[in-house]
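Presented below are the structures under discussion, each in the form of structure tokens.
Two complexes come next, and they have one chain in common, subunit A, joined by subunit B in the first and subunit C in the second.
Let's turn to the complex of A and B:
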């Protein structure tokens, strides 16, 4: 099913023509209205007219989140304050916020992209979407909300937390679709289990959209299996509207990034060089269809790769892999680059450990992975636990090439997250 | 009725053991015998209590990870070689002892030892056949 079939199935050639046209507009608009860009253009001795092909995008300066912070609150605005109708700030996982403005058209365009995503995953009128992302300054919930209303489904603006009420809402209103963070989905599963609820019999769930935190394929499978639903990977960031930048279709094999709205590049985060399709690197995005805040070559800090080849669904917009990590989540132990998701992937493959985990860094050559054991699988035998610990240690070592210290914890020891989970505790001082 | 043992998973955290014992104290549960198996970063506390079901319930409610399992309690002559002869019986019957620990109190003239063998029923059979006093749950909980 398609929301805008002509644009979702557009030929690569027509798409690239459209991209170039919109890129030129975006560059002109940024140069003319945002002093930050004008300054950087003159430093690089370029002008908007130098952009004559899509490849010329590499001539443009990068925009970093530090730039957005420095020009907070209004410095990156390309329209007058009277023209903007909504403010979001970035999810603020780290440091000072970034202000993101939307004009009326921007709100509508962001909703259009969400509508494409929902229809793409089989949502139709009559579906009930329970939106468990945080409403407020964070884009996650509101942007999804507007898109879902555009499609015409019933939206329950539940927000995160208050899990018993979430469950009651899901039962009373026969929720079919969840928009939720992976860590909260795992927590929800635990609560349902404790309450003796059967996700298949007691609910009407069909699918969930998981976003805002990186998670592993194993976690997806675990959630799909527990809830008996399809889980679709969703990618977005506040600086680029929020959710709906890239989304999985029913093939569940990479997320289509809406290339009529964004130009994507994957670069080497250290050198800034563009990587060919298929190779891992930092995702860099340029907005093509925004009024209030055109952003050129934004360094997302998210590590992914562009999946080569066509998707069976027929959409021509290229796909990116699930987010492998963030350049700033990356931890270095004994000189090895490690992403927490690698460890998560290992843990999700071990039956006797629960979903929650924590990585503790106390020195540069030692990492401790703390995992909770599953209550039901505790049989009172020391050797079983020792074997379990050794198994986890060995599996992590073969994944990341560093031998961790593994600590087995009682279930419920680690803090439970109802929003973004804190997985890494870095006690090292420089 | 088999003698029931309560096993408790304890992570390596200060005060965790006393928290567990506190829960039992508050529920008015007296500990008849106990042993701790420990590794560098976690331990398992094993307990014999008069009311194992109740102990399991209160501990689980206080979010401890608990398992109830069967063990064998035997009366052993309280003299040198008493325990050795019981273990030899099991070795001869090709039965493995996973772990064992002793009661503080006696049952009559006999010391009481808790045994966990790889097969509880085979263990019991072998011991009974050789005339070793195998205590019932009632005997044990009443000690």
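Let's turn to the complex of A and C:
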């Protein structure tokens, strides 16, 4: 099913024409209204008229997270304050937050993209979406909410936490669709299991959208299997509206990035050079259809690749792979770049360990991976545990090329998260 | 042969784990007949022979412990020099591979048993069926008064 079939199935040629037209508009708008861009353009000796083809995007300056922080609160606004109707902020661990503004049209356009995503994954009128993301300054919940209302489904604005109430809501209102973080989904599974609930018999769940945290394919499969649902990957970031930037279709093979709204590039994070389709690098996004905050070549810090080839669903917007890692999350041990998700991927492939894990960094050449064993698979044999530990150590080593110290823990030892999981504990001092 | 079950509990090597486990057993009135601790770098498995193993397992699980129950054999050791040797020699002759073994003593040390944890318990039981051995089982004795007396002796 399609929400906007003509746009979703648009020919590549027509799409590129549309992109170029919108890129030119965006560049003019940014240059004219945002001093930050005007300054950068003159430093680079370029002007909006120099953008005559899509390839010319490479002439444009990058925008970084730090830029958004520096120009907080109103510095990146391209319209007057009277024209904006919504503010979201995105806070980092340090320093100033980033302010993201929406005009009325921006709110509507973001909702349109979500509507495409929902319909693409089989949602229809009569579906009930329980939105377990945090409402408030964070974009995750509200943007999804508006999109779901646009489609015409019942939205339960549950927010995260209070798991017993979540379960009651899901049962009472026959929730079919969840919008949830992967770690909370796993936690919810544990609670249901402990309560003796059968996800298939006692609920009406059909699908879930996981977002706001990276997770592995194994985690997706685990969640799908436990709840008997389809799990769709979604990608978004506050700076680019929030959720709905890219979304999986029912093929579940990469996320269609809505190229009429964004231009994507994948670059080498160190050199800034564009990578060809299929190669891994940092995703860089340019907004094409925003009034309040046009952003040029935003460095997302997310590592992904553009999947070459057409999707069976017929949509022409290219797909990106699941986020392989974040340039921020990257851990360096013994000089090797490691993403926590690589370790997660390994662990989820080992049956005898649970979903929860922790990476502890005590020095620059030693990392400890702490995992909980699965209660039901404990058979009392020490040698089995030793073998398990060796197996995990070896599998992680072959994935990341660094031999970790693996600690087996009693189930329930690691903190369970109801929000974003803290997986890495860095005890190293600079 | 009656079944004798061993309780195994997974434990990280950190202070107070044994105390916590034995506290649960004490509160439930479970009597510990034998204990064995096997540890590796960072973790260990604590094993018990108790009088009420199903109850002990259930209560420990409720408290969040990781518990496993498996059948073991308790072979009576004759109270004379070479008692243990005779049993070991027999097991070895029968090619019964021992994973773990420890001793259970009952009745003011009048009787000692070798707890033997083997990989294939059914096979081992068959092999030893016609040997002149006496086995200890909790269930059988738990019903009789003599075990009560022996329990007191243990305390």
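Basically, the second predicted complex is superposed on the first by the 425 of 430 C-alpha atoms of A that agree within 3 Å, B and C clash if a C-alpha of one lies under 4 Å from a C-alpha of the other, contacts with A are read in each partner's own complex, and residues count from 1 in each chain.
Basically, contacts are C-beta pairs under 8 Å (C-beta built on N, C-alpha and C of every residue); 3 or more make two chains touch, one makes a residue touch a chain.
Quick caveat, the model's predicted, so the values are computed rather than measured.
Participant: Answer with clash or fit: subunit B and subunit C placed together on subunit A by superposition.
Facilitator: Aligned on subunit A, subunit B and subunit C clash with each other.
Participant: Go through the superposed model and pick first if A:61 touches only subunit B, second if only subunit C, both, or neither.
Facilitator: neither
Participant: If we overlay the two complexes on their shared chain A, which of subunit B and subunit C does A:410 touch? Say first, second, both or neither.
Facilitator: Once the two structures are laid over each other on A, A:410 reaches both partners.
Participant: Return first, second, both or neither, reflecting whether A:375 touches subunit B, subunit C, both chains, or no partner chain.
Facilitator: both
Participant: Applying the touch criterion given at the start, work out whether A:385 contacts subunit B, subunit C, both or neither, answering first, second, both or neither.
Facilitator: Both partners, subunit B and subunit C.
Participant: Both subunit B and subunit C contact which residues of subunit A?
Facilitator: 373, 375, 378-382, 385-386, 407-413
Participant: Please name which positions on subunit A make contact with subunit B in the complex.
Facilitator: 373, 375, 378-382, 385-386, 407-413
Participant: Which of the residues in subunit C come into contact with subunit A in the complex?
Facilitator: 6, 8, 10-12, 38-40, 42-45, 47, 61, 64-70, 99
Participant: Within the complex, which stretch of subunit B touches subunit A?
Facilitator: On the subunit B side, the touching residues are 5, 7, 9-13, 16, 37, 39, 41-42, 44, 46, 63-67, 69, 98.
Participant: Hey, which residues of subunit A end up touching subunit C in the complex?
Facilitator: 373, 375, 378-383, 385-386, 389, 407-413
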